[in-house]
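Take a look at the following structure, please.
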Amino acid sequence: MIGLGLFNYWVVIFLMMVGFYTLIARGNLVKKIIGLNIFQTSVFILYITMGKIAGGTAPIFVQGEQEVVYSNPIPHVLILTAIVVGVATSALGLSLVVRINEAFGTIEEDEIEDTAL
Amino acid sequence: MDDRVILRVGAKILIPFILLFALYVQFHGDFGPGGGFQAGVIFAAGFILYALVYGLGTAKRALPPTAVYVCAAAGVLIYAGVGYLTMALGGEFLAYNVLRHDPEHGQELGILLVELGVLVTVFGSMVAIFYAFAGRRKVQT
Amino acid sequence: MSHHLPVLLVVIPLVAAPFAALVNRPRVSWAIALGSAWWAFLAAFALLRQVMADGPIHYALGDWAAPYGIEYVVDPANAWVLLIVGMIAAVVTPYALLSIEREVPDARIPLFYAAFILCMTGLLGIAITGDVFNVFVFLEISSLSAYALIALGRDRRALTASYQYLIMGSVGATFIVIGIGLLYVMTGTLNMADLAQILPELEPNRTIPVAFTFLTVGITLKLALFPLHLWLPNAYTYAPSVVTAFIASTATKVAVYLLLRFFFTIFGASFSFGEMQLDKVLMPLALVAILTMSIVAIYQDNVKRLLAYSSVAQIGYMVLGISLASALGLTAGILHLFNHALMKGALFMAMGCVMYRVGSVRIERMNGLARAMPWTMAAFVAGGLSIIGVPLTVGFISKWYLIQAALEQGLWPVAVVVLVGSLLAVVYVWKVVEVAYFRDLDADADIQEAPLSMLIATWALVLANFWFGIDASATTGVARRAAEVLLGVGS
Amino acid sequence: MSSGLLIALSVLLPVAGAFVVLALGKWPNAREAVTLITGGGTLWLVSGLLPYLREGARPRLDILEVVPGVQLAFEVEPLGLLFAFVASFLWIVTTIYAIGYMRGHEEENQTRFYFFFAIAIAGAIGVAFSANLFTLFAFYEVLTLCTFPLVTHHQTDEARRAGRVYLGVLLTTSIAFQLLAIIWTWQLAGTVEFTQGGILAGTASAGVLGAILVLFVFGVGKAAVMPFHRWLPAAMVAPTPVSALLHAVAVVKAGVFTILKVSVYVFGLDLLGALAATAWLAWAAAATIILGSLIAFTKDNLKARLAYSTISQLSYIVLGALLANRWGVIGGGMHIAMHAFGKITLFFAAGAILVAAHEKDISRMHGLGRTMPITFGAFFIGALSIIGLPPAGGSWSKWFLGMGTLEAGQVGLLAVLMVSSLLGLYYLLEVPVKAFFFKPPEDAHRPEGIHEAPTASLIAMIVTATATIGLFAYPDLAYELMSMVVPGGAP
Amino acid sequence: MIELVDVALLLLLSVTALAIVRQQNLFAAVMMAGIYSVLSAGLFVVMDAVDVAFTEAAVGAGISTVLMLGTLALVGHSEHKPKHRPILPLLVVALTGGVLVYGTLDMPPFGDPANPIHHHVAPHYLEESEHEIGVPNVVTSVLASYRGYDTMGETTVIFAAAVGVLLLLARGPGPRRVLVNGLWTTVAREEESPELEADEAPATEDDEPKEDDDG
C-alpha cells in the first residue's frame, strides 16, 4: 500500500475541491449544503487515510494475538465527532433553507437577491 | 392508507429488529464497532420509519414532542452529570476511575453511562429535528 | 471547588442550557441565562486573578494527563478573553429580558435563551481549552447556536444572513479541521503545549506552512478580517439587537484570541512572522480594512449596519496590533479586544433601545430622537466618542498603544492610517448624532425613553468605557502580561 | 487648604456648579446665581495657588496612572496659572454679561448653555494645570466636545453646518497631528511630563524633531494657524457670550497656551531655536498674522471681522513661542492675558449692538455711537489693546514680542508685526469711528436718546474695558508670572 | 488486493462527486450524495475505521438523506442552471487545492508506519488502554474516556443543532403575537391549541414577518 505514495491524498484533495466548488459556485441553497457535505466527507477521508497503517487492522483488541498492528485510533475518534458536527450543521442549514423558501419563495441565491431589493 | 398494508406490516416486523439492533450497537460498543452515537441514530431511524409509515400524528401520539425534547436535553445532562458525579466523588471532571472501587470498573461504568447520555441526546435531537421538518407544510410559490 | 473552577466555568452554563430549553416559561429561562452569565463573569474574574497571581492553571479533564487527555490551560491571555465573554454576557442578559420579548415571539424565548447560553458556553470553551481539536468542537457549539440566534431577527433577511454566515462559518471550520489534521499528521499530537514543543524540532517541510495557511484562513473567516468579512454586516444588521450586541462584542474577539494562540503559542512568533512573513499579509489587510470599511460605514443608512462595518474596521485595528508582532503591538491588540467589546457593546445596546421604542434603526427614523430618548442617544454619543478614540475613553487607550507600537518600529504611515481611521469614525458617528440632535422629532411620533433595565445595562457599559479609559492600569497590565505570555518572554 | 486640594477643587468646582445649574434649570435666577458663585469660588481657588508659585514651588496633584508611565496629573506652573486666572476671572464677567444677553435675546435652552459653559471652564482650567501632554490632550478634547453644544446652540441648519466645521477641524487636527506628536514624543523621550528645559533634546535627529514640532503647531487646531483656522469664523453662529468667552478666551487661548507650553516644556527654548523647522513655522505664523488681518479687513459682519482678528492675534502668540527666546515667550504669554481682555470687550460690544440695535454689519452701524456711547467707548478701548496702543494692556505684550523678534534677529518678522498693527488700526478703529462720526443710514430706525444694551451686559463691558486699561498701568502680575516661566537676566 | 479496492473506491467516489456537481435534479443529487456516503463508508472500512464507517453509513446515507429529502419535499427539487461561468470560484478552488497538494509533498507516504502520527500519543492508547480502561475497542476508550470531554462537546453540538432547528421550524403553543409597526405585540392569548397534524397545519400560522424594513 505504501506503493500508492501520495496518490491517495491527491485523489482525496480532488474530492474535497469538488465539494468546495459546489459549495461556493452554486446558487441553489440545497446544492450548497450537498457541496458542504461532500467537502466535509472528503476531509474525513483525508483524516482516516492519515491514520491507516499498511497491514494494520481496526484498533479493537483481539484476545490472544500479540503481534497485531493496529491502525491509529485517534483520527477515527476525531472524525466520529466531526461527522456528528457535520450532520448538525446540515440540519440547521436545511431548516434555514426551508424558512428562506417560505419567506422568499425561492431557494436560488440570485432570485433571493432580486426579491430582497 | 389501505394500499400501504404491506408496508405497514413490513414495518411492524422490521421496527422491533431495528430497535434491538440499536441496543446491540449501544452495548456492544465496548467490544466492536458502535456506541451511543450510532445506536442513537439507528434508534431514531427506526422511529422515523414508524412515523413515515403510520403518519406523523400517530407517531406524535406514541412519542409526544415534549418527551422528545426532554430526551434531547436529558442526554447532555446525563453526560455532564457523570462529570459532576466524579467531581463530587473527589476526582477530576469525567475521571471515571472514582466511580467504582477499582479504576477499571469505574471506567467501564463511566463509559456505559456517558454512552447512554449520547444515545439519549442523539435520539431525542434526531427525532425532534425530524418532527420539526415533517411538521412543516409546503408553501406554494 | 476552586481547583475545579476552569471546568466549572464552562460546564455550569453547559448544563444550564438544557434546563433553559425545557422550562416553558420565558422568564424562568431568562433567569437561568442570567445566572449562567453572571457565573461565567465571576468565575472568569476569579480565574484571571488567580493566573495573574500564581501563573498558569492546568486542569486535566478525565484526569488523563496531557497530551493523552484534553486539558484546560488558563493563562493571562485566555483568562482575559474569558472575562470579556463573561462580562458582556453578564451585561447583555439583564438587558435581554425586555428587548427579546419585543423582538422574538414568546414561544421561542426559552429556546432562544438555551441557544444564547450555548453560544456563550461555546465561546468560553474555545478560549479556555489547551487542545486544538477541542477548539473545533466548541467552535461548532458556539457557531451553530449563533446561526440560530441570528436567524431569529424579525426581518426576513435575517434568514439569508444566517445562511450566509453558516456557509462561510462552515468553510472556515472545515479549513480549521484540515489545518488541525495536517498538524496532527506531522506531529502526532493535538495538545497545544505539546505542539508548540514539537513543531520547532521538525525538519523544515512544506506541510506545516500549509497547515498554518489553512488555520489562518479558517480563523480569519470566523473573525471577519477583510476581505473575508462578507457575512458580518448582514448578520449584525438583521440579528435581534441582543444577539448583535453579544456576538459583536464576543465572537470575533474569541476568534482573534484563537489566531493569537496559533500564531504565537503553537507556531511561535519566529515561524509565523519570520518564515511565513505573516506581517506582510496581515498588515496591509488590516490597513485596508481600517480605511475602506470605515468609509463604507459612512455611507450606511441602517445604523446597525453602519456599526457592523465599523466593527470590521475595528477588527483591522486588532489584527494590525498582532501583525506588528512586538510586545507593544500585541498589548495593543489584546487591549483592543476588551476595549472594543465595551464600546461596540454599548453602541449596539443603544441601538437595541432604539429598536425597542422605534421599531427600526434606520437613520431617517431617528430624527430628533435625542429629545425623546435622551439617555439612549447620550449612550450612543458616549460609545461613539470611544470609537473615535477621544481621551478618557477606552478607545483612546487602544490607540495610544497601537500608535506607539507602530512608531516603535518606525512605521509612521501606519500610525497615520490608525488616526485617519479615527477621523472617519468621527464622520460616521456624527452622522447619527446630527440626525438625532439637529432634526425635529416627527410630530406624530409618540416615543418614550427606553425601559430602565435596558438603560442601566447600556450605561453600565458606557461607564465602563470611561472607567477603563481613565484608569487603564489594570487593563493594560493584564494585556501586557498576556502579550508577554504569548511571546514567551517574562514570566 | 493644601495646594493639591486647591488644584482639585478649581477643576471640580465648575463641574459641580454645572450639575447644580442643571438641577436648578427651572429657576433661572438661582441658576445664574449659582454660576456666579461658582465662578467667584473658582477664581478664589485659583488665586490661592499664587503664593506657592511665588515661593518657587510647583504644586502637583497626581490623580492616577492611566497607563504605566502616563499620569493623569496636574501641576501648576506660572503660565498655566496665568491662563487659569484669565479664564476664571473672565468667566464671572461673561456670566454677568450673559444674564443680560441671553434674557435680552430670549434664547432657548439657557440651562444647557450654562451647564456646558461651566464644563468648558473646567476643561480650560484642566488644560491650564495639566502636568503632562496626556492630561493636556484629554482636557483639550473635553473642551472641544463640550463647546460643540454651545456652538450649535440654536440647532438650526446653519448651526449644524458650523458645528461640522468646528468639530471637523478641531478633532481632525488634534487626532491626526497632535495625538501623533504626543505619542511620538512619548516614544522618543519615554515621558510626556512637562519639564523645565524640555524633554526632547537629544532624542532624535533634527528632522524628526522638526516633524514633531510641525505636528504640534498644526495639530493644536485651537491656535488657528492657517490653514486650520476655518473653525473659528464658523463658531461665530453661537450666541455672543460663547464667542466672547470661548472663542476669544478659553478655547483659542487653550490652543496657543498649548503651543507655548510645548515650546517651553517639551522642546525647550534651546532645542527649539536650533531646529530649522522653527523658523519655517514662524513664517507660517507670520503669514497667518498678515492674512488674518487682511481678511478681517474685508469682512463687513462685525463678529466675522473680530474672528479673523482673533486668528491674526493668536498667531502673534504662536510666533512669540517660535521665536524661541525669553522675550518672545514673555510677550506671547502676556498676550494671552492682554488679548483676552481686549477681545472679550470687543465681543461684548458686538453682542450688545446686536441685542440693543439688532445690527450685525459694520456698514449699518453708522452713527450708532450716539445711541450707544458706552458700548462703542468700550469697543474703542478694546481695539486699542488689540492694536497695541497705549493706554491699553496690549501695548506691553506687543512691545515684548517686538523685542523678541529683534533678539532673534528677525527684522522681517518685526515688520510683519508692524504691518499687522497698522491693518488692525484701520479695521478695528473703523467701527467706533463710523459709529461716532458718520451719519446713520436712511432706512435705519434709531430710537431717540440713549438706548444701550441690558444693564448686566453694560456692567460686564465696563469691567473688561477698565481692566484693559488697568493692565496697561499694572501689567506686573502677568509679567511676574511669565518671568518665572523663562527665568533669566533682567530685561 | 487492498490497493485495488482502495483505488476502485476512490475512482467511484470521484465519479459520483462529479455527477453530483453536474446533476441539476436535486432529488438525484441527494440520492447520489447518499451513495457518496456509502462509498466513503466502504473506504473507511478498508482503512480500518469500522466505527467511522458505521457512523458515516448511518448519518451520511441515513439521517442526512432523510433530512435532505424532507427539505426537498418542502422547497421543490430543481436547480437553476448557473447563469455565468464561475471563474472566481474555480480560481479559489484551484488555489486551495494547489496549496493542499503542495502541503502533501512532504507528508509521510500513505500507510507508512514510520509516520509521526503513529508514534506519539497513539501508541500510548494502544498499549495502555487495555489496562487503564479495560475496553477492547480502543476507539471507544479514546472517544468516551481519554477524549471524553470532546464527546460531551459533540453531544452538546447535537443538542445545539436541535435547539436551532426547533427555533427555526417548530411552532409551539403560546400567546399569539403579531408585528405591529415593526414590533412584536401580544394581540390575544389564545387557548393552548393541541398541536396540529402535519397535514392540517396552516402554512403561515407562524410568526414570519414578511415586512421589509430596509428595502
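Letters A, B, C, D and E mark the chains as written, and numbering starts fresh at 1 in each.
Just so it is clear, contacts are C-beta pairs under 8 Å (C-beta built on N, C-alpha and C of every residue); 3 or more make two chains touch, one makes a residue touch a chain.
Remember, predicted model here, so these are calculated numbers, not experimental data.
Leaving out subunit C, the touch network of the other chains consists of the groups A, B, E | D. Counted as hops between touching chains, the shortest connection from subunit D to subunit E is 2. The most centrally placed chain, judged by C-alpha centroids, is C. Comparing the CA-atom centres of all chains against that of subunit A, the greatest distance is found for D. Taking the mean Cα position of each chain as its centre, D sits at the greatest distance from subunit C. Summed over C-beta pairs in contact, the chain pair with the top total is A-E. Note: centroid distance subunit B to subunit D, computed from Cα atoms, is 78 Å.
For this pair, subunit C with subunit D, the centres built from the Cα atoms lie 44 Å apart.
Computed centre separation for the pair subunit B/subunit E is 18 angstrom, with centres defined by C-alpha atoms. Centroids built from CA atoms put subunit E at 27 Å from subunit C. The residues of subunit C that reach two or more other chains are 14, 17-18, 21, 61-62, 64, 133, 137, 140, 144, 147-148, 151, 156-157, 178, 184-185, 190, listed in rising order.
The residues of subunit A that reach two or more other chains are 20, 24, 50, 58, 60, 74-75, 78, 80-81, 84-85, 88-89, 91-92, 94-99, 101-103, 116, listed in rising order. Of all residues in subunit B, those that touch two or more other chains are 31-33, 37, 69, 72-73, 76, 80, 83, 93-94, 96, 122, 129, 132-133, 136, 139, 141. Each chain pair that touches appears in this list: A-B, A-C, A-E, B-C, B-E, C-D, C-E. Contact residues on subunit C toward subunit E in their complex (touch as defined above): 14, 17-18, 21, 61-62, 64, 67-70, 101-108, 111-112, 114-115, 118, 121-122, 125, 131, 133-134, 137-138, 140-141, 144-145, 147-148, 151-152, 154-157, 178, 182, 184-190, 194, 198, 205-207, 209-211, 213-214, 237, 302, 356, 359-360, 362. On the subunit E side of its complex with subunit A, the touching residues are 2-3, 6-7, 10, 13-14, 17-18, 20-21, 26, 29-30, 33, 36-37, 40, 43-44, 47-52, 55-56, 59-60, 63-64, 67-68, 70-72, 74-76, 79-80, 82-83, 86, 89-90, 92-94, 96-97, 100-101, 104-105, 107, 109-113, 115, 117-118, 121-122, 125-126, 130, 136-139, 142-143, 147, 150-151, 153-154, 157-158, 160-161, 164-165, 168-169, 203-204, 208, 210, 212, 215. Here subunit A touches subunit C in the complex through residues 20, 23-24, 29, 32, 36, 39-40, 43, 46-47, 50, 74-75, 78, 81-82, 85, 88-89, 92-93, 96-97, 99-100, 103-104, 112, 116, going by the rule given at the top. Within the complex formed with subunit C, the residues of subunit B that make contact are 69-70, 72-74, 76-77, 80-81, 83-84, 87, 91-97.
Remark: subunit C residues 133, 136-137, 140, 144, 147-148, 151, 156-157, 159-160, 162-163, 166-167, 170-171, 173-174, 177-178, 181, 184-185, 190 touch subunit A in the complex.
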